[in-house]
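Shared between the two complexes below is chain A, which pairs with chain B and chain C, respectively.
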Partner chain A sequence: MSASTQLGSQLVDLCSVLLLLCCFAIVAQRRLSACVDLFALQSAFLAATAALVAFLTGHKHIYFAAALTIVIKVIVLPRILRKVIERLNVSRELGMNINIPAGLLICGALVIVAFFITQPIIPLGYLLTRDSLAIALAIILIGFFTMIARQKAITQMVGFLVMENGVFLGATAAAYGMPLIVELGVFFDVLVAGLIVGIYTHRLQDTFDSVDTSTLTVLKE
Partner chain B sequence: MWSVIVLLTGPVLAGLLSLVIHRARVLHVVNFSTMLALAVAETALTRQVLAEGSVTTLGGFVYVDALSDFILVIITAIGLSCSLYMWSYMDDRVARGVIAPKRLGHFFFLFHMFLFAMVAATMANSLGVQWVALEGTTLATTFLIAFFRRRESLEAGWKYLILCSVGIALALFGVVLTYYSSVRVLGDASSALNMTALIGVANQLDPNVLKLAFIFMLVGYGTKVGLVPMHTWLPDAYSEAPAPIAAMLAGVLETVAVYTVLRSKALVDQALPPEFTGNLLLTFGLLSFIVASLFILIQHNYKRLFAYSSIEHMGLAMIGFGVGGMIGTFGGLFHLLNHAVAKALAFFVAGNIHRRFDTLEIDGVRGLARAQPITAVAILVAGCALVGLPPFSPFVSELLIVSAVAAQDFSSDTMHVGRFVTMTISDEMRSLGIVALFLFFAVVLFGGFMFRVGAMVWGTPPAGIAQGESWTAGHVSLMIMIVALLGLGFVLPEPIQMLLTRAVNVIVVR
Partner chain C sequence: MQSIIHIVLVVVQLALLLTLSPFVVGLIRKVKARLQCRRGASLFQPYADLAKLFRKQPVISSTTSWIFTAAPYIVFASTVAAGLLIPVFVSHTPLNFAGNIIALVYLLALGTFFLILAGLDAGSAFGGMGSSREAIVATLAEPAMMLSILSIALTAGSTNLSTIVHQSALMEGVVVAPPAHLMALAALFIVTLAETGRVPVDNPATHLELTMIHEAMLLEYSGRYLALMEWAAGIKLLVFLTLIVNVFAPWGIATSLAPSAIAVGLLVYLGKVAALAFVIGVIESMFAKLRLFRVPEMLGAAFILSLLALVFFYTLKG
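After this line comes the complex of A and B, so read on.
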């Protein structure tokens, strides 16, 4: 392995790890607006990773994905979510299904699980980005966990967006990005999902006087 | 070529038109004529597929073979009868002030976006585009489910949005993994997710990556199908959605979700022994079938009853696909069609009952035979069909699936459900064990379901419920579906049979 590839590979790893760190910070954060800020920060790291991979491999279309990430996930979606939070009557998440220390421990375990699952398929990957696939799966699992652990509609949405970030890191890392049409479609879906959640929180607030999803208990067996 | 364009642009145009039209009658005419146009285009497409095997157009974006064409037949047929039903249903809702007249346009806009997303998901050549379209169906339907804006419907819509989005995000990781393995073989081409490209090289893909990819896709798309244990959104969504939307969700959207699972199965089976995907489908199918039949016993809300019956039937179809082979797969596909018709009929009936009795509780509905004679006949037919009684067509497909299970040749060195049930007994006993389990829960289901349906049909209607029923456009579609259920039980028309046989050949790898 040449020295430049090694340096590049380490830089990509560094960026991926920063994404993972953001996940842990989100799990440890009670303030809703801080969660949204951390998501924006994570998306910025994602864009940086993508741009780095694009630079090192010469795949021009990944630059495009990085630019879209900045526009949609760093600027537009956090702005929508902040607007929603401003209208709400709560800024902090008090009741959680799983408390923060336990949550952080579980997330640590999830990272180990992710590395364990991806172990047999990692040697297939490109040298530059092979470890990022495991980190991507870890981010997906932690995003999933956040959705289970939190009760506020907003943090559930942040959990979903974190999962999407994980999938994108996986796509960039594993295969140097997906076909352009697919990437565009996914960005479109994520954006619309963000808008819909904004409308929903509005209606939930009006109807239930709260965006706490633990009040949604009318429908059950 | 033109038929593909009509199928894709028809719903989009109709949806946009719905936003600017304000008169209810014009909206219905636009909706119905669009569905008619789609049905005509689909007939033409079927002819072409039967003649040429498969159709690839629009720069390789669209790929239609016998399997996807069969799913398109279901989409357009149920969509057409649904638009007839909506004519009377939605007008009635507006007349009673449940929804404001100006929201009717929004309803049709969302409905056509939903339809467009399903057609696109079925026709997409690329697995990635297929994912985008399937997520599109979630986004389009969440507001349709919450359309009445009651507390419960908001709750159901939110649950649906969150659970299905999460599930499908997992499926996207599965798609990424598939791309990871295929881009290696195909080179860095933008076509590395296209079915047309993948089919040729599938046996060179890395089996370990494909295993992981299939698990992620099965869990993700399985959430959309409503397989246990990812089914929790489904009864809520179906019971709160307006009746025609519930019919489309249960009859059509589930079918499209099953289609995406089948696509990935057909791909993975080329690189791995079919037992791997087969056993996973069999496990999920059997689990869904058993859990749903138990939940049917405790239902007191008729729309939830039909919702659990959906889970059960999807489980049944999955058992068919899991066992595989010609008979099992044929039975599974045929069952998708039969279930779509029977379940759409059931939800249309539920809409009729709800409008007359104004309650979703089974205990509140008595004497349907006197209050709504036509609807009573329809619910009896739907009930008999859904529990698999002859002479209705689901009986035929269920029989095919059961005989495929009984005749299954388990290879003993792989992991499968049979091992949990009967540990050391021979292969024949193992498949008979599954059949016995299946038949036992089929009986449980029969009792639970028919008991509830019978309770609604007979007896005297509660005081204050109007008696007698006059014909509307909605009743016409009820009659068509009854005839279809009966007819398909006796004869399978030549084109459908050919389509089914070819679709089986797409899925079954030899």
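After this line comes the complex of A and C, so read on.
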């Protein structure tokens, strides 16, 4: 490996680690608006990672995906979510299924699991982004955990979006990104999911006077 | 000749620790005051405070035992001893044979232990409360501190601080800090805020006994005992700042004993400590004090960060 690709590889690692740190910040965060801001920050790091990979490999279509990430995940989706939070007048998560220190410890364990699973695969790769695969898997697991641990529909949506960021990072790490048409489809899906959750939380609020999804498990009021 | 230089270096390091620590405290206060649009006290006010306290007659409660009068000396001595183990402006501190990182951590813990005992000794309610809080914070901060320092020690392959700093100072061509280092730095920074009683954990400027941690343990102290305790707290802050700047940013530290290298090392060190003190002042102005029950969450986050630093060391190779 030449010096410049080694430096590039280190930079990609650093960016993915920042993505992972954002995940932990989301898990540790009670305030809903801060969760959304952290998601926007994470997406910005993701766009930076993608642009870096595009620059290092010369795959032009990754630039396009990075630009789409900025437009949809840094600007549009956080704006939708902020608007929902504003209108619902909920500022912080009170009831959590798992308290924050325990949640952080579980996430630490999830990172170790992700690294343990990918350990045999990573040395087989030859791409300069291959180390990010472990981090991507960790981000997916933490996003999934966020969806389980939180009760408010909005933080569950943030968990879903974090998972999606992890998938994107994984695709970039394992195969220098998916074909453009697949990425376009995924972005469209995510945008629609954001809109649907926005409407769905409104319906929840109207029906139950709360956005706590655990009320949905009760058959009768 | 070599041994004379070493002795001189130890004396200079000792003098620097003792004289610079009140200045760092004053600098943080000044930064906070300026950010609140106040003029603030002079940068040298802490020196005047210490001088005043040393001249005053101490008043000692009749319910205290010998621990109360011995504790300030033990706290002060253990903190200064810890400060002599770390490289300050020369990467090979002459006393590095005396102890490694683990000795450093537990010298500081010894000081904390006697501080806690002293808080309990006078039997006042606030002192006991401060001691119990300090015990919680110290207990939770210790694993995070040990793990973050161990991840650095793994990178260098040694627990000797001089070796760690010397190796990372000599490293060339590394533009990107390894992720493990960044995580360990973040963890150690949170631990620093907790251990030195800075704002998100404890408010050093508070007058409200109910929210105190460090100050509550000192409520019964006066005169030279209080001066020693305050000075020791300043030195502890400086020790943590020095540890951070020299382990994570060892640029410019003197790697040889040439006079020019030492002069550059000294200047760069002063600049880096001032910059970090400025950062702490800004953080103290930006954040409110955490509720006591949130402090374990913050220290839990520091623990997770240092755990990740270890994981990344093994998986991303540094």
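The rule is short, and it goes like this: the second predicted complex is superposed on the first by the 217 of 221 C-alpha atoms of A that agree within 3 Å, B and C clash if a C-alpha of one lies under 4 Å from a C-alpha of the other, contacts with A are read in each partner's own complex, and residues count from 1 in each chain.
We take it that a contact is a pair of C-beta atoms (placed from the backbone, for glycine too) under 8 Å apart; a residue touches a chain by one contact, two chains touch by 3 or more.
From a predicted model like this one, the values you see are computed outputs, not experimental measurements.
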Superposition on chain A - do chain B and chain C clash or fit: fit
Which superposed partner A:F188 touches (first chain B, second chain C, both, neither): first
Which of chain B and chain C A:L7 touches, first, second, both or neither: second
Chain C versus chain B, contacts on chain A by residue: B
Centroid geometry (CA): angle chain B/chain A/chain C, rounded to a multiple of 10 degrees: 150
Touched partner set for A:A175, first chain B, second chain C, both or neither: first
First, second, both or neither for A:M163, with chain B first and chain C second: first
Minimum C-alpha separation between chain B and chain C after superposing on chain A, in Å: 19
Set of chain A residues, in rising order, touched by both chain B and chain C: none
Residue ranges of chain A in contact with chain B within the complex: 59, 117-118, 120-121, 124-125, 133, 136-137, 140, 143-144, 147, 153, 156, 160, 163-164, 166-167, 170-171, 174-176, 178-182, 185-186, 188-189, 192-193, 196-197, 200, 203-204, 207-208, 213, 216, 218-219, 221
Partner chain A, residues of chain C touching it in the complex: 173, 175-179, 182-183, 296-297, 300-301, 304-305, 307-308, 311-312, 315-316
Residues of chain B defined as touching chain A within the complex: 61, 126, 128-129, 131-133, 135-136, 139, 142-143, 146, 149, 151-152, 154-159, 161-162, 165-166, 169-170, 172-173, 175-177, 179-181, 183-184, 188, 190-193, 206, 208-209, 212, 235-236, 239-240, 295, 298
Contact set on chain A toward chain C in their complex: 3, 7, 10-11, 13-14, 17, 20-21, 24, 28, 100-101, 104-105, 107-108, 111-112, 115, 119, 131, 134
